[in-house]
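What follows is chain A paired twice: with chain B in the first complex and chain C in the second.
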Partner chain A sequence: MSKANYRLVKFLFLALMGLWLLITLFPFYWQIITAFKSAAETNRTIPTFWPEVWHPQNFVSVFAEASNFDALVDSFIIATGNTLASLLLGTLAGYAFARFPRQAGGENLAFWVLSNRMFPPVAVVLPMFFLFDATPWGTDSHLSLIILYLVFNMPLATWLMMVFFRDTPRELEEAAYLDGYTPLRAFFKVTLPLVLPGMISVAMLCWIFAWNEYLFANLLVGTDVRTFTIVIPTFTHGSQTLWNLQMAFSLIAMLPPVILFILLRRYMVRGLSLGVVKG
Partner chain B sequence: MSRLEIEGLCKGWDFPVIDRLDLTVEEGEFFVIVGPSGIGKTTLLRLVAGLERPDAGRIKVGGRDLTDLPPYRRKVAMTFESYALYPHLTVFENIASPLRARRLPKSRITETVVSVAQLLRIEQLLSRRPGEISGGQKQRTALGRTLVAQPDVFLLDEPISHLDAKIRHELRLQFHTLEELRKVATLYVTHDYAEALSLGDRIGVMGAGGLLQVGTAREIFQQPQHLFVAQHLGQPSINVVPAALSSVDGALQFAAEGAELKLPVAEPHGQALAGRSSERITVGIRPQHVKVIRDGEVTTDTTGGAAVVDATVAIYEALGANGILVAETGGVRLTALTAPDAVFQHGEAVRLALRNDAFLYFDAASGRNVMVA
Partner chain C sequence: MVDGTAPGDLAGEPAAAERPRLDRADPATYPEWFRNKKPRANLIVARWVPIALVGLPVLVLFCIVVYPTVWMFYHALHDTNMMRLFQGNWNFIGLENFATVLESARFGDSIVHLGIYLTFGACLQVILGSILALILYELVKSNFLRVVFLVAMVLPMMLPPSIVGVLWKFLLTPSNGAINQALLNLGLIDQHIEWFNAGLSLWTIIIADVWNWTALPLLIVYSGRVSLPPAVYEAARVDGAGAWTTLRRITLPMLKEVIAIAFIVRFMDAFKFVDLVFIMTSGGPAQSSELPAYIAFQRGIREFAIGEAAAYAILIFAVSAVLIILFLKYLKKVLKAQGFA
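Then we have the complex of A and B:
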């Protein structure tokens, strides 16, 4: 290839990448500028691409109602509680499927667990509501969503942990037995440290799903417990949607997962590639 | 104290792997099990270690029955063919693992690990992880982990098979000098006959189902009880000639099946084979008992009634320390060991002096050595 041609290809490639970046980043850009606009400016027929007057006070106004902050706390409790439960159950079940496939019900049971994740959740929205309504803690509680999200997160955790455990050589555990460790001590000494990066990435996937969930939260909770996802649509004034406050609040809600991801990205990448490259 | 006794051990999955195996390894004895891959050597070690449950039979150490004990209560240490080092722990922690399992005080652990590391010459690697050291160093680390455990029985599964030749020899010599291994019963598994002959106080040759022969290196090599044993030991491997015995004028001879080669049976074997004239028999001829004589060369050494036959060179490999020659005589291909400086051409006519007093005779059907009653 001649030098001129090479430059042209490189230029076209970069142009394409730039266009792609523009498309993917535009919603994010729009969210940020909208969060700083006044309510009147957001409702113009001809939109502005840069706020005429900056309104950083929007970020304070969203907490004018004190319970809005509680919604973030509720979301955090539900996401974290669900993640811990998913991880605990998924790790135990994944270990059983990986190490004792026959006793644990075999490949078919493992696949059935995963297939729960593929089921369209909308189909069971109403039965779920009545089911949780019949429980002592009712629908409008942290516990109801923590348990409900297990339907989605536990299969994912089980399946991924199973794969991670399978990739951990059984001989390492056997070596630990011969060193004098009981199976439980061997698990904590050898197996768990080896799947830890995987566990962290599973935890992140579960946490982000539970943090972002809207449909079931909207149906089940709303009075005693509110998640931030069902608070966002409440920023209205009469029939007018307060886009600026909605965007400001969702920007705030984006921070925890982003920070989490930045802190744990090292494990995330290692965990997701755990099954890909051996050794 | 730590005598290992295995009685009537059976283990199988879809087919029997170990069938009524009996074996006693004395305290301080270095017992080597040699056999081809997939024959059940590792299974035997895993049964002794408690990683597999036997279908029948008992395993005892120092009179104590271990059969129903889990591996972590057996005081048995094992090195794995794959080394099975903990990848997330340093070399130090890998070696310290059995001591940590017993919750020994920190100072004791450090002291023991460092002294074992010095013994194995890996003390400079203690802070590295298994991923950062070479195969030979991994092997030493795995060995260190078993040594610190001070077990009643050592189980070593192909510990040096996957290393390159130079390090393999170096470590083989080290096994000779490791005092710890000589204090208790050691069961060492390998597929390499040279390792077995070099290291074993006694050697067990494993064939399908169990041990075909147990004995010292000399016994196993010179008096193999079974054709399988003779075939498995020795490099290049023994020449196997299916033949038919016949008596000509009162002298016993054998004729190679489907070929013209006929050789007299030497004096020491005549008596044992006398009752078998006109029977089919398998003759084993070790390559070192086939001497190649060049055309025109004077036959100076015909030690003990060697039979001399004409042959043609088929393949010659010069290997530095010696040469391996495959020659055809009367429709039979025989392998011979030659002097290192010899050069042979393909198709060259040579003569072979066969030490027929050192031939081995095996029953054609059972494969048993007919000379060993």
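Then we have the complex of A and C:
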């Protein structure tokens, strides 16, 4: 290939990526400017590509309805509770898989645990609905979602913690044993501080998945507990959708996962993305 | 994974050279007590500890995954509906539910929809994602720009499906949506496209899904490309291989498994893909955008035919199980190659 030809091909490929970047970012642009438009402006027959009058009060008036704020609180409780539970169970199992692989059931059990992450939710949600119905806390509660989200978050936490524990040298623990530490103390004083950065990233990932979850929430809760994911599609006033408020609310709600993701980007690229990073 | 460390290793490696050579295969090398010793796991903790550590999560998974699956299998073979379920009175009807499902036109249509979605949703995403990932890695030289572009392109993946759904519903509003207006302004169309009518609603969902999930294969392939050894490329350069040859003869063959994983992951998601259908079209109009997983939910939860919903779920489960096994096979390979497992 001649030099000029190569340049042309290179330019075309870069143009393709530029186009894709444009396609990727345009919806965000539209979301942001709509969040600042007035209700009248969003309902015009010819949409404006730049707000004529800026309406930052949208971000306040979204919370005029108290249930919107409660939805964020409910989502936060569920996401945080689920993250803590996944992390606790995942750390225990990940440690066992990494340090005592044969006694803990071997590679196959580890892969079985991981496979639950890909499990189709249709096969889970209906029986769990009836199961939770029979429990004292019922279906429509924080606890039911905290437990159900373990389906996809706990395998993730287990698997990633296993990788992190494998990366920490076992010799450090052995040195601690020689110094008279009990296994429990060695775990807390030596190993845990070493995997802490990894643990935090796992927690962030789990939290994002639980925060974003829509399907289980849509089918299980809705009256006493409403996560923001099931509130967002219902921003209507009569037959009209309140687009500007909806966009303002979704901007607020998507801020935490986006920020966490930007903090997490290095872990994402470092091989953790092998299909494991998907709810 | 080496399990347990021999005592000799703790003393440090240098000593090994001076140690007399032992014939480890010869039983006579070992003293009497060692030969009579029962083989024992090299554990510093009690034997039950690892079992308990793993047992707790496994128990949880049994409650929230295995139990529901068994429940679904059981009811797929019974004539359960909501009323019978509460009365506790259902009868065994063999494979009748499966027959009903497989014969219904609704199921047949949804399979056609799934086929379209797999081709133009899942496959397109993987191809596009792989191309973008390689462009990003090979042609963008500045490290800072790479990170910025990567974050920008992966951003849609981090949005909750409900936001993606309403955002695209809004963008594609036929009467005054941004996309229609932009296309009009660019002169590509002369009248509004009805994105949500029976002919287009499935494609509308596919558009939103491509926007949302192209990032995943992109991320997978990009991380695979990052972990390829630079030495190979050095050698190719020394041998005078051009950019095109390097791509075709080195990069693509070495990324084969990673791209396979991207395909499998997207296919797995396709079979359970349902949330955008719920939010954007509710399967409509006139069931023109229904996918199998959506019908399973609809039959089970809105239309109370639990036996039939279970049959749908079992069919989806069967396909997913095959894909999951395939996925784990490739994942093992790639993890071994990247030194994780």
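As a convention for this text, the second predicted complex is superposed on the first by the 231 of 279 C-alpha atoms of A that agree within 3 Å, B and C clash if a C-alpha of one lies under 4 Å from a C-alpha of the other, contacts with A are read in each partner's own complex, and residues count from 1 in each chain.
Heads up, the rule we're going with is that contacts are C-beta pairs under 8 Å (C-beta built on N, C-alpha and C of every residue); 3 or more make two chains touch, one makes a residue touch a chain.
Because the structure is a prediction, the values reported are computed rather than measured.
Of the two partner chains, chain B is the only one touched by A:Leu194; chain C is not.
Once chain A of one complex is fitted onto chain A of the other, the partner contacts of A:Pro169 are limited to chain B, with no touch recorded for chain C.
After overlaying the two complexes on the shared chain, residue contacts for A:Arg185 are found with chain B alone; chain C is out of touch. Chain A has more of its residues touched by C than by the other of chain B and chain C. Of the two partner chains placed by the overlay, neither chain B nor chain C lies in contact with A:Val53. In the superposition on chain A, A:Tyr6 makes contact with chain C only, while chain B stays out of contact range.
Of the two partner chains placed by superposition, only chain C is touched by A:Arg44; chain B is not.
In the overlay built on the shared chain, the residue A:Tyr177 is in contact with chain B and with chain C.
Under the contact criterion defined above, the residues of chain A that touch both chain B in one complex and chain C in the other are 171, 174, 177. Of all the residues in chain C, the ones that touch chain A in their complex are 1, 3, 5, 10, 41, 43-45, 47, 49-51, 53-54, 56-58, 60-61, 64-65, 67-69, 71-72, 85, 128, 131-132, 135-136, 139-140, 147, 149-156, 158-163, 165-168, 170-171, 175-178, 181, 211, 214, 216, 219-220, 222-224, 226-227, 242-244, 258, 261-262, 264-265, 268-269, 271-272, 274-275, 278-279, 293, 296-297, 300-301, 306, 309-310, 312-314, 316-317, 320, 323-324, 327-328, 331-332, 334-335, 338, 340-341. For chain A in complex with chain B, the touching residues are 169, 171-172, 174-182, 185-186, 189-190, 193-194, 279.
Listed in rising order, the residues of chain B touching chain A in the complex are 49-51, 70-72, 74, 76-78, 80, 82, 84-88, 97-98, 100-102, 131, 145, 149. Within the complex formed with chain C, the chain A residues making contact are 1, 6, 10, 13-14, 16-17, 20-21, 23-28, 30-31, 34, 43-47, 49, 89-90, 92-93, 95-97, 99-105, 107, 109, 111, 113-116, 118-131, 147-148, 150-151, 154-155, 158, 163, 166, 170-171, 174, 177, 183, 208, 211-215, 218-219, 228-230, 232-233, 235, 241, 243, 246-247, 250, 253-254, 257-258, 261-262, 265, 268-275, 277-278.
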